[in-house]
Amino acid sequence: MLGPDVAWYVAVAAVLFGIGALGVLIRRNTLVVLLSLELMLNAGNLALIALSRHWHNGSGQIFALAVMAVAASEVCVGLGLVVALNRRRLSLDVDTLSELRG
Amino acid sequence: MNASSLTSILIWLPIAGAILIWILPLSRYATGSLALLFSLAEVGFWIEQAARFDFTRSGLQMEERATWFGDLHVSYHVGVYGFSMWLVGLTVVAMAACTGYGFWVGRDRSRAYFGLMLLLTGATVGVFVAQDLLVFYAFFEAMLIPLYVLIGVWGGARRMEATIKFVIYTMAGSLLMLAAIIAYGLKSGTFDLVNGPTSASRWLFLGFMLAFVIKAPLFPFHGWLPDAYREAPPEVSAVLSGVIAKAGLYGMLRIAIAKFPDPTSFYRTAVLALAAAALVYGSLLAFRSTDFRGVVAYSSLAQSGLIALGLFAGTDLGFDGAVLQMVAHGLISTSLFLIAGAVERRTTTGEFRFLGGMARGRPALATLLMTLGVISLAVPGSASFAGEFLILAGVFQRAWWWSAIGAGAIVLAAMYMLRLISAVLHEARGSTVADEALDLRPGELALVVPLVAGLLFLSAWPAGISHHSFFGQSPAASVRSQFK
Amino acid sequence: MTGGAWLCLLAPLGGTSLITLCGTRIPRVAAAWIATTSVFVAFGGAVWAFVSLRSQNGHRGEFTTAWTWLESGNFHAGLQLFVDPLSTVMMLIVSGVGGLIVLYSIGYMDGDDEERRYFAYISFFVFSMLLLVEGGNLLLLLAGWGLVGLSSYLLIGFWHERPSAVEAAKKAFVMNAFGDATMALAFFILIAHTHSLSFVSGFGVGLSPTAVNLVALGLLGGAAAKSAQIPLQTWLPDAMEGPTPVSALIHAATMVTAGVYLIARTHFIFEQARTVELIAAGTGALTLLVAGLIALVQVDIKRVIAYSTMSQIGYMFLGAGVGAYSSGMFHLMTHAFFKALLFMTAGLAIHALAGEQDIRNMRGLGRLMPFTKWCFLAGALALVGIPPFSGFFSKDSIVASTAALGTWYGWIFWVCGIAGAFLTGLYTFRLWFLVFPGEPSPFVREHHHKHHGREGAWTMLVPVGVLAVLATVGGWLQWSPQWHPFSDWLEPAARTLAVAAPTNTQEYYTSVATVLAGLAGIAVAWAIYSERKLAIPAAPFWRRTLEHKFWFDELYDAVFYKPTAAFAAALRREFEEPVVLQTGPDLGRTTLETGGFVRRIQTGLLRTYVLFLAAGAAGVVLAFLIAK
Amino acid sequence: MTLHTTHVDWFGLGPVFVLIGASFVALLCAVLVPRAVRRLASATIAGAGFTAALVLAVWLYVDSANGHTIVSGAFYRDRWTALGQVILCAIGLATTLLGVEHIPGWGRSSDPGRRDDHIAEFFALLLASGAGMAFFVGAANLMVLFLSLEWFSIALYVMCAIDYDPFAASVGGKAADARPEDRDAFGVAGGSLEAGLKYLIVGSFGAGTLLFGSALVYGAAGTVSFDGIARAVASQGLTGDTFLVTGIALIVAGLGFKMSAAPFHMWTPDVYEGAPTTVTAWMSSATKVAALLLAFRLMTTAFPHDEHLWSWAFAIVATVSLAIGNFAALVQRNVKRILAYSSISHAGFMLIGLSAGSALGGRALMYYLVPYSAMAFGSFAIVAARERELGVPVTLENLAGFGWERPFLGVAMWFFMFGFAGLPLGGGFVGKFYVLAAAYRHGWVWLVIVGVLATLVSLYYYLGIVRAMYMRPSAELQVQPGGSVAVSGGAPAKEELLHVAVGAAFVVSLGSLFAVQPLIELARHAARAFPL
């Protein structure tokens, strides 16, 4: 039961979340954007697990497990779309995906 | 037939007719005939209703009520008072004439057209018989739906601007009325007009009044009026000024004045001032209008002002006169717009500078336009004179200057109406008036003559309406007691 | 009795309706005879009412109500007739003279292609006029009042291709509408105070002095407009655009004298507002002088007679205003005879000259139209008031009444009356000398033509003859100093005020003065226009002033019409179009521009979207943390 | 050691299982059934699945008078859930009808013969997303909430992009540079793909936010179940706890994304425009139903003690949505975009009901959803019909004459537009009245005023669509009808099923105007599930 206070875990998770969000905001490559999204989800996971430990119940851990599965399938779909983009020889730069606007 | 179901029949019969027309793939001729049949049946049912109406009894008659949604105490509640019955009569008669006009001129896309006309009939009747605020509001708004399409599809060159302006203007008022209705209904626990309590809230009063002054309209809320009246097909302009505008005035009487006695007296001078402004302003602009419909349009503004003057006088004579004048002006402007349509069909224009000299060789047109014109300018002895006389005598008891303004506006009315008559009928023949342009045809006569006959009948017996609108000797007392 | 009244009222209405409904299905001449018959039937009804009223003893006056016309609160006004001495006199005049004139119209209008319309209008006029005089309450009186204005409008503008006729018709109607409006305002005061407009039981009693003065002023406004008294006189000369029988009937014999009837009918009120009543008298005095002066320079035969009508109505106002109601009414009756006669003889002349109305072209017409000439002379002498013609009896008693007042203004009125008599002689005989005596002018020779070998159709000559007789002998009905059945008959309805009852002395010296003044006028006219012994004084300013009718038209144009029109145009230009009509679209445009701005946020770039999401989330978090 | 197995109320989860089962069958169909009958077979499966789920949901409604949680407090079996599932299944059924004729992918240019390639997958995804939503509305803890959210979201991401043609040859780096012949039916190179990817990225961002928020709430309360959170907050006096409050805020943002409420709405117009119209119809109606119903439950069940926070937040979000949705819609020309913005503004209206946080608000929300989803679905379906007819994106310009050419669809669209605008033609009128009444009762007069002003602004574009359909002569139309024939492989545009679907939407929205009392009764029973 030793280790830093749960607040530190949550803080790290928050930082991770922020990094992920920033990544989505500023990176242009679709793959990196997907990566950043994963980072955000994992920030949530980290917090859940730490808090699960804090509360001595399993809800958080189970939650985190489920989130991993979800994240995987999400990234699958994302990668599928990236492949499709690539097959049409369209750019992977997310900024070029701006045909739909207004 | 149960007398109380007559009210519902009057609302739903035309709507059922509209649906029938939309479903049945009939020819243009058959569609028109069917629509006309429905609107005449509507007139018949109204006559039946009027015959069964008991003028010696107070309170709501031919009442029907069914829960619409119970948790907020909203119910489908309809019924008629004396004055609402007259306005229903005006609606069904004017709508029958206008539907007939559409049939006569052979509007294209006839199924859509006639269905919408019937829908409009039902919705308008609904406004005049609704005794629940939300039902009233629903019908009040429902009138806009067919009107929007009728103006936008069958109107003149600038119809789209005109129609969207019309709808947005009127909705601007009525949406605030919706807010007021919600506030009133939730505060008092019921939306019922008959049993609902009176309210002293000035904000709610203003919310309702905004809707009504735009619909009526009163100065300076008439921005939609000139365009709509000019661009709509003539029979729709006729309905707009003859019937729809009356819905706003009816609302003032039935809701604003009856339900908000304290705010009414608080804002009385302000509303009277608006009404007087509408009267003078409308008359002045009618005087400078350069086309047939422009004159009639602005004169409608003036007439709305006059009627509002009578309503907000709050005196016996004012109320009676206002109801009488609503009916009289409804018949007048309906017929005038139909005649404007007939003139435009013959000459392709309503601009005075291209018109003139149509009296020669067209006795029916000349006689009818002249008759309507002079009744419209309230020549003493006519129905509209009786109405205006009562209104001004009524408002005189409030303060003399309102009557003085009104009397001045009547002189202006003579000026613009005579200008209209001579610009169309008299002097040199206009450049667009061909020799071959026919006199009114039997079909057109069949539409306008009954309206004029109605006016002449009212001229002979204006007390028929003025004394049969409110129960008891004193209309003001009847209004104070919520028509009970 | 009441049956006669209803018959009298409804017969002309029936005539109108019949002609209108039959339209072109009946020949023109049938329409003419329907109208004539209906008016004579009305005359029959009037006689019936008169005879049965005469046979009644005691209280003479009966109401008859068909139904309640207008009702509201505690205000009721029935469709109600009132048969009393005053209304029967008016009924007789209206339907009698009216019948003769409608008969005359048959010949006069023969050949006009809208004859049916004419006859429908004219019987409608007779109906309206009868409604006015028979109406049993002020509301019906006002209804008739407005309807005669309407029929006057229709008939003035009968030849509607002529812009001048249409303009004249509109002017007449609008000025009368003004009068209607002031009357209506007076009625509002009455309703507010007494809840009633009925003539029953001394209406208008118990009003406050202010109220009664205002009521009287309102009524006077209506009366002045209808009777073309200053300041509402300008429409009458223009009204001569209508067919001549119309001028004879409406603008001489009946409608324009309705103001006098109104004052007599509502004398209860005027007597409570004595100042206003004297203003009425003053108006009459002023009008009789002004109109007489203007008549001196007119060159249109009908306009001369029109101004003379104004002038004579001025006399009637003077009489009624000082309180001599029966004298005013008596002059109304004789005036109806001789003025209708003058118009109809003028009509014969115009007819014979193919529509020419300028008296400068008419010299010597008498040689070709002797019957016309002698009838005209009878009318002219009656107008000037030379005994034994009718005008003498009626006019003198009015002037004598002013002398009876004995006050300073009474004497001013008296002087005006005498001066008016001089002017009457002058302008009437100017007309006579210019038109009838002497050798026919080239114009007359060229244009004169006979109808059926006579001076006109028999339908025209018979009424003229009858009226010539009436104009001559009509005044014998009453000679105030000795013999006054007319005043006696009217006494229950409109008793002459004691202050306005002249002594016999006053009657005599007034008679001498007026007759002398009239003769002097005739003499001057003879000297100037027949013998050319006197030159017309060269006073260019005065001449121009008279030719411009004292600039009333120009004044009203500048003070009322033009400012109203300019104000309306300015409202349209400065307010309606930029403010009222533009506010909605402007708001709409602003809304759309806002929409355009919102749309620009939607860049299509993912980063923007994410940024918004993140910023939104951060905003909610911040807000919660602050607000928690 | 014995495994403690929890009791599973299979019946309570019935609709979800039926849908997911049908999804599996449809997926099998994609591989096992020959291409010629694949469309028919998979559509039949989808139809049967939705119908069966609908019947079960109705049964559940009747049978769940006393709401309770099942499966260890993971899922609510109550009338709120059941009613939501009924609505969702009905929309799903209608979408199936639409999908049969308006198969996503029909617009592929390269090979008309292959357009039925992924039809079975489409229906499988439709059923799967339907199942996710059906699960979502009944979620009883934050984990189930997140899982089911992602469940239907991922299905939707794929559905959005399903119009992608893998065989289209393309050159160049930027979509905008693609040659005309490489553009798909809508003249957009990779529009569907762009929509899918945008939706995925923004959606995952939203999901991440929601997840982190859930974690924080869990951190504060120590439990993920809704009622547990409320109990914990009450017992430990956590109201105003930083973790809790931040968590709620992030959850509000995450759910706001799903409802496409501003300012979390930015993806909506692009995705609605780019996605195949059938999918748009499904998303615009069903997603909102699920998200709003869940949000109402979550807020009133889990966070009743912080009502003062979230009700204000939702009121502000509603106001912003009403403003942005309506203003942006004013200047659009593309009809799908107009409808997308309109859906944002309607989210604002429904959020008014939500923000009232009362039983009346719940009824208002539930009632509002019925006509709204019918009208939203119906109007997109009509756009789909026009799209197919013309073969180009539907703009206001090329809507000209539509009303006269296709009377039934025209009248229906006219009806939906007036209904959206809140005119008394359909239940939209009563819905607006209800939510505004709820706001008034909550004491928010300003919100009522905002609501009516927003309605006023919205009139312009709704009327604009009617104007485009009826008041412009079709001669103004630039593209000739039938342009799609070459593109869509000459399929005859009979579209009976589409008519049936639109007709159903029409009947529902009209019926809801008259049958207010029964619907409100249903909603009232459903809203009894909450501690209000």
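Order of writing sets the labels: A, B, C and D. Residues in every chain begin at 1.
Heads up, the rule we're going with is that a contact is a pair of C-beta atoms (placed from the backbone, for glycine too) under 8 Å apart; a residue touches a chain by one contact, two chains touch by 3 or more.
Bear in mind the structure is a predicted one, so any value in this text is a computation, not a measurement.
> Common contacts of chain A and chain C?
D
> So using the touch definition from the top, which pair is joined by more C-beta contacts, B-D or A-D?
More C-beta contacts join the chains of A-D.
> Could you give the separation in Å between the centres of chain B and chain D, each centre being the mean of its C-alpha atoms?
43
> Hey, how far is the Cα centre of chain A from the one of chain D, in Å?
The computed centroid separation for chain A versus chain D comes out at 25 Å.
> Using mean CA coordinates as chain centres, what's the chain B-chain C distance in Å?
The computed centroid separation for chain B versus chain C comes out at 36 Å.
> What is the distance, in whole Å, between the centres of chain C and chain D, each centre taken as the mean of its C-alpha atoms?
Computed from C-alpha means, the inter-chain centre distance equals 78 Å.
> Please set out, as single numbers or ranges, the residues of chain C touching at least two other chains.
Each of 588, 599, 602, 604, 606, 610, 614 in chain C touches at least two other chains.
> Give the residues of chain B touching no fewer than two other chains, as numbers and ranges.
In chain B, 168 touch at least two other chains.
> Touching at least two other chains at once: which residues of chain A meet that condition?
21, 24, 33, 94, 97, 99-102
> Which of the chains touch, listed as pairs?
Touch list across chains, by label: A-C, A-D, B-C, B-D, C-D.
> Of all residues in chain D, which touch chain B in the complex?
Listed in rising order, the residues of chain D that touch chain B are 360, 363, 404, 411, 414, 418, 423-425, 429-430, 433-434, 436-437, 440-441, 445, 448-449, 451-453, 455-456, 459-460, 463-464, 466-467, 470-471, 516-517, 520, 524.
> Please give the residue numbers of chain C that touch chain B in the complex, ascending.
Residue positions touching the partner: 20, 23-24, 67-75, 79, 117, 131, 139, 142-147, 149-150, 153-154, 157, 160-163, 166, 169-170, 173-174, 177-178, 180-182, 184-185, 187-189, 191-192, 564-565, 567-569, 571-572, 576, 579-581, 583-585, 588.
> If we count contacts the way the header does, which residues on chain B are in touch with chain C in the complex?
165, 168-169, 220, 222-224, 226-227, 281, 284-285, 287-288, 315-317, 320-321, 357, 359-360, 363-364, 367, 370, 374, 377, 379-381, 385-386, 389-390, 392-394, 396-397, 400, 403-404, 407-408, 410-412, 414-415, 418-419, 422, 425-428, 460-463, 466-467, 473-476
> Taking the complex as given, what residues does chain A use to touch chain C?
21, 24-26, 33, 94-95, 97-102
> Which positions of chain C touch chain D when the two form their complex?
588, 591-592, 594-599, 601-602, 604, 606, 608-610, 612-617, 619-621, 623-625, 627-628
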